[in-house]
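Once you scroll down, you'll see the structures, which are given as structure tokens.
Below are two complexes that have chain A in common, paired first with chain B and then with chain C.
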Partner chain A sequence: MRGDRSLYILFFLGCALTGVLILYPAYYAVQLSFFDADSFISTPVWVGLENYKTVLADSEFWSALIRGIIFAGTAICLQILLGIGFALILDSAIPGKIILRGITVLPYLLPTVVVALIFQWMLDDHIGILTVLLENLGFEEAATWANSPFWSMVLVIFVSVWLWTPFVTVCFLAGLQSVPEEMYEAARVDGANAWQRFWHITLPQLRPVLLVVVLLRAIWMFNKFDIVWLLTGGGPMHGTEHLPILAYRKAFDAFDVGIGATISTISFLILTIAILLFFWRFPIDERK
Partner chain B sequence: MSEKDKKGSKSENIGITEKEISRRKILQGMGAVAGTAALSLHAPYIHAKQKEIRFLNGEPSVQSVRAMRFAAAQYEKETGIKVQMDTVPAGKAFEKVQTSIKGGRPYDIATLIFVGDVLLLAGENKLVPLNDIIKKYDWGPNILFPMDGNNYWYPYDYNLCWINYRMDLYEKAGLKEPQTWDQLNENMTALMGDGENKTKQGIVHPIASSGATNYTSFGYLWANGVSLLDDDWNVVLDDEKNLGRTVEYLEHFQSMVPMMPPGLAKAGWGILVGGIQNGQLSHCPGTGRLIDVINVKNSELASNLGIFPFPSPDGSNVALNHGYDGWVVLDTAMSDEALRFMEWFSDEHLINFLHTSPVHYQPTRMDIYEDARWLSHPDIEKFSHITSWQKRFLTDENVIIKSIDTEGPYPDMRAGKIFRSYALPEMLQNKVLKGMPADECVKIAADKMREVIAG
Partner chain C sequence: MKKTSTRIGIGIIVALMVTYSFFPVYWMLISGLREYESLFSSISLVPGPFSTASYTQLLELTDYPTWFLNSVVVATGTVLITLVLAIPISYAVTRLEIRFKGAIVGTMLYAYMFPPMLLAIPLYSIFVDIGISDTLLSLCISHTTISLPLGVWLLWGFFKQLPFDVEEAAMVDGCTRLKAFFYVVLPLSLPGIVTVAIFSFLLSWTDYTFALVMIGSDSLKTLPAGLDTISGWYELQWGELMAGSTLIALPLLVLFLFLSRYFIHGLASGALKG
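After this line comes the complex of A and B, so read on.
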């Protein structure tokens, strides 16, 4: 009985926290998207779907959406590929495995702002170690990345991969521990080579982990604001400006809270639809 | 003896029955006592509570915070009113003001650095006029930004943007302060090179979509007599008069690019200060903050810095990019107290505060330039060659002081929206990074400005 009461208390506390910290702000943002307001203190004027019409007719929005998909898609693919690769290496019998596993997680432990500053210094136009390296390798255009939308996008993707691949690695490493060794032994007896063992045993066994990791990374990368903002601020020439940055710029910089909220709401809807499609195509609950 | 028996006997001992002291009775009694206590204590508590003015300071340097806290302590000592000082970077002050209003506990006084934010708050009736305080003093030009005949802010400094240069290098190379764009380019070229008394680059002007670009990269445009808006709020950047002049400005800017360091699209305040501090640049646009910062770290270098306004193509005009900071008093229950504090601070402590960044906090009140207290600071004397320029900037009618956010016939949000649209920085990006023809860059910028104003 006492256990039931604790359960109810914790449940209602969770609901209350979710309501106050997530549902109400989300509701408020959606509500704001139907109003025209210069700031958060202005008296909002009801405009119905006008903001949605404006945003959907704005080429800035579509460009930002495409850039967001490129940024998130590329970063997720690289994180998954590298994460699986590193997990396989760390799962094999290599010397110093435990120390290596610790080092691998290190980037994930660093605060994003620290990572952004480190990379800005390493890519400084004059004294950056990576700048000098790139120049010596013949990539002079990459050395002046800040002036190039393409190279700025490459940079934010690279840093995102560096920063969050360890999370993927740890997830896959944990998944690998649950694959029964007997399956590999049976496969070896049947003459399967390393690639065949990976393709027919490891990958299917990692499927549930893979699906969860792809889902989480997709949500996080699509909404990722901090690293892009800190590294490039969305520039140059809007070259790295995706939906979260566009929404922030409109709401907090351009005196257009309504449009900022509309962009956020549309972004939320896109992500929700994408997740529902993902669940429909890749159901995670295998008991069904 | 059972527990009940024990209780019963105890009750009987004090002469009342168990029924009389039931749990409900006890709870009722406690509730009555608590209620009476709350009612009796509440009113005196309110009356006895110390009055508090909440002040949002937007100057986060140690010296400035210390000066503000000292003033707050003095005020509390003299009046018994506490001044609670919160500090945020100036760029974040407006967000903090908004959240304080939405949160139901607005600040009583706040720092703002953008006229658009002041107009927005005043338009929403969130500010109280400072007319009585303002009319006490003689103010410099183009700094009060009145709205409907009321003054809603107390500007405490000009942040005019000029060009800083290395006086020592000029002297050794026998150069004179430039009067024209060509002379400026010639001077920079003469000072560029390897070896002693040479710099790697001439100057840096940011081109990113940022406040730094808006403040530091358009002085030449103003010096060339360009206006963004006419008296009816029409965009005139690409009209017959201004198009040619803006094209000239863009061509001049392009001519300086080879003398600038790479990475202009991410250049910000740090690069401006760092470039001249590490000897890489001979010139650098900026406000007095640059000199104050360098003075702390390298006093000798700071002594070798001079300033001049942005020149024009033919030497007929000079210009400065406008900048300012100020305080507003919000419409709260403590507004009257806040106004009294502002008046007291203005008379008693403003100069102490200005001294915490002596060159950067250029006085907005003309009386301060003659005030012995202000003049007594050693850095005002040390940089007299700069502070004398500062006063002249305000009194010389030939000096143009303009900025994107203060364009137009009167202070209005429309200019603020153009500032925040970064239409002019994008004009520079189109020219410098994309290599587009100058007139096309101007047309695109003008169209964006029209779109922003219409929206």
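After this line comes the complex of A and C, so read on.
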């Protein structure tokens, strides 16, 4: 067809640029993981699988992996539970729905840096409003929680849940609109209560949405760097250091670029295997 | 009729939900506007006494105006590059006879899952090699690596839904493919394009990770990286930092007020990385 040629040219140009921008860097990262490079300007030396041996033998790597799984797992579960709850409230017959929806989405708009600072301010050890509140509730040690690895992990999980629950809420709210009203009517006639209607109609109907949301959130939480780095920097005593932070520290603090790239590559491999297992266990298109 | 007790119960739950979602934002807004002394002496939930001292201090002591400008440049650049690349790719994939279509879209989705550090480390290394490390351009390119897969994915879904007959009719009437695209397809797909533009902007405006890795010079920082830098300064107190936070968040809140329809739509189609 006339003019198709210019479209083809634009298309191939676009694809070529995408390749250069995204696939080449990813390929380069994998390649870097086979080299020993002690800075960004020195010439890398081929070391084969040496970096992988070093990383896999390092206990720092394994504890960072486990911390990452705890962080991501807990945060995802809470986000999903809270997100479903919010979506159900927003879907019920309450006045001012649109404004309420806007307010619940608000946290998602804020830059991570801003969110980290707001929570650090609210938890300031002298006059932070949350510190004072916690102290009044009987947690007298609240001001010293920043020194505790356990409470720091609680903090990064809590803030991640606050920041990213709106994503789950909005996806579920959209999904709820697609559940046919007749199904609820029929269930009501049969005498099902609210909980039974939720468990036997809403949840099965929303299964496809749920699967996609869990998958996306899992990927993003596992890769999350900024919120943890800004809130705790991986501390105290490495208490919140997960793989993205370990990779950053190796590459940009210790200038061990090869090791940093190796950690990134391994964590990406783990993620890829997890995604494939997920698709194998829960095929998303089974309804069609 | 619902029972009054149920109504009160729902009312309490809604109030809790609103407090939980909105209180931190409210606290940021009023802390930036509070008078210096009262910020540290009392914890009153009511705003005031008001003072703009934190804002004047912030603008006097830091490079905020420069960083604001940098953020605008990088975000605008990212939106433009994303649209220029994503529109032809996703349009061609839905309309032309191209082999490996599935593979192209699949690769885009896969790229969308790359850990930021997997891209940041090699990208920085490449930017050093070609001599554009520590420039706004390098940051634009880095942001595009995330916004482009997102853009192609969203627009691909959008162009697929547009009926083919409309542009075919235009082409039968003598339009070339490109003309049909610009005069028929583009206006019809404006909502999709606006959604992609909003998300690319949001992504670039709020990004911290890439800004931290790519930019070293103070004068080239964007707002999030700049705010992070000054959060360690001892001359600055929480009032100034909350004023700074408000200045970053405000453009987004205003944008959201006017474009929330596109925003919610995009979010529901699994859009934003975060």
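The working rule: the second predicted complex is superposed on the first by the 268 of 288 C-alpha atoms of A that agree within 3 Å, B and C clash if a C-alpha of one lies under 4 Å from a C-alpha of the other, contacts with A are read in each partner's own complex, and residues count from 1 in each chain.
We take it that a residue touches a chain if its C-beta (ideal position, glycine included) is under 8 Å from a C-beta of that chain, and two chains touch if they have at least 3 such contacts.
Please read all numbers here as calculations on a predicted model, not as lab measurements.
With chain A as the common reference, the superposed partners chain B and chain C clash. Of the two partner chains, chain B is the only one touched by A:A146; chain C is not. In the overlay built on the shared chain, the residue A:F40 is in contact with chain B and with chain C. Within the superposed three-chain model, A:F252 lies in touch with chain B and with chain C [touch as defined at top].
When the shared chain is aligned, no partner comes close enough to touch A:G73: not chain B, not chain C. The partner of chain A that touches more of its residues, comparing chain B with chain C, is C.
By the document's definition of touching, of the two partners only chain B reaches A:D125; chain C does not. Applying the stated contact rule after C-alpha superposition, one finds that A:G235 touches chain B and leaves chain C untouched.
In the three-chain superposition, chain C clashes with chain B only at 94-102, the remaining stretches of 4-12, 22-30 or 94-102 being clear. In the superposition on chain A, the residues of chain A touched by chain B in one structure and by chain C in the other are 40-41, 126, 252. By the touch rule above, chain A contacts chain B in their complex via residues 38-43, 125-126, 143-144, 146-147, 232-238, 252-256. The touching residues of chain C, counted against chain A in their complex, run 10, 13-14, 17-18, 20-22, 24-25, 27-28, 31, 40, 43, 85-86, 88-89, 91-93, 95-96, 98, 104, 107-108, 111, 113-119, 121-126, 128, 141, 144-145, 148-149, 152, 171, 176-181, 202, 205-206, 208-209, 212-213, 223-225, 227-228, 231, 238, 241-242, 245, 248-249, 252-253, 256, 260, 263-264, 267-268, 270, 272-274. Those residues of chain A whose C-beta lies close enough to touch chain C in the complex are 1-4, 6-8, 10-11, 13-15, 17-18, 21-26, 28-29, 32, 40-41, 86, 89, 92, 94, 100-115, 117-119, 121-122, 124, 126-127, 129, 132, 162-164, 166-167, 170-171, 173-174, 212-213, 216, 219-220, 222-223, 225-226, 229-230, 244, 247-248, 251-252, 257, 260-261, 264-265, 267-268, 271, 275.
Within the complex formed with chain A, the residues of chain B that make contact are 95, 98-99, 101-102, 116, 120-121, 123-124, 126, 208-210, 261-266, 280, 413, 416-417, 420-421, 426, 429-430, 433-434, 452, 455.
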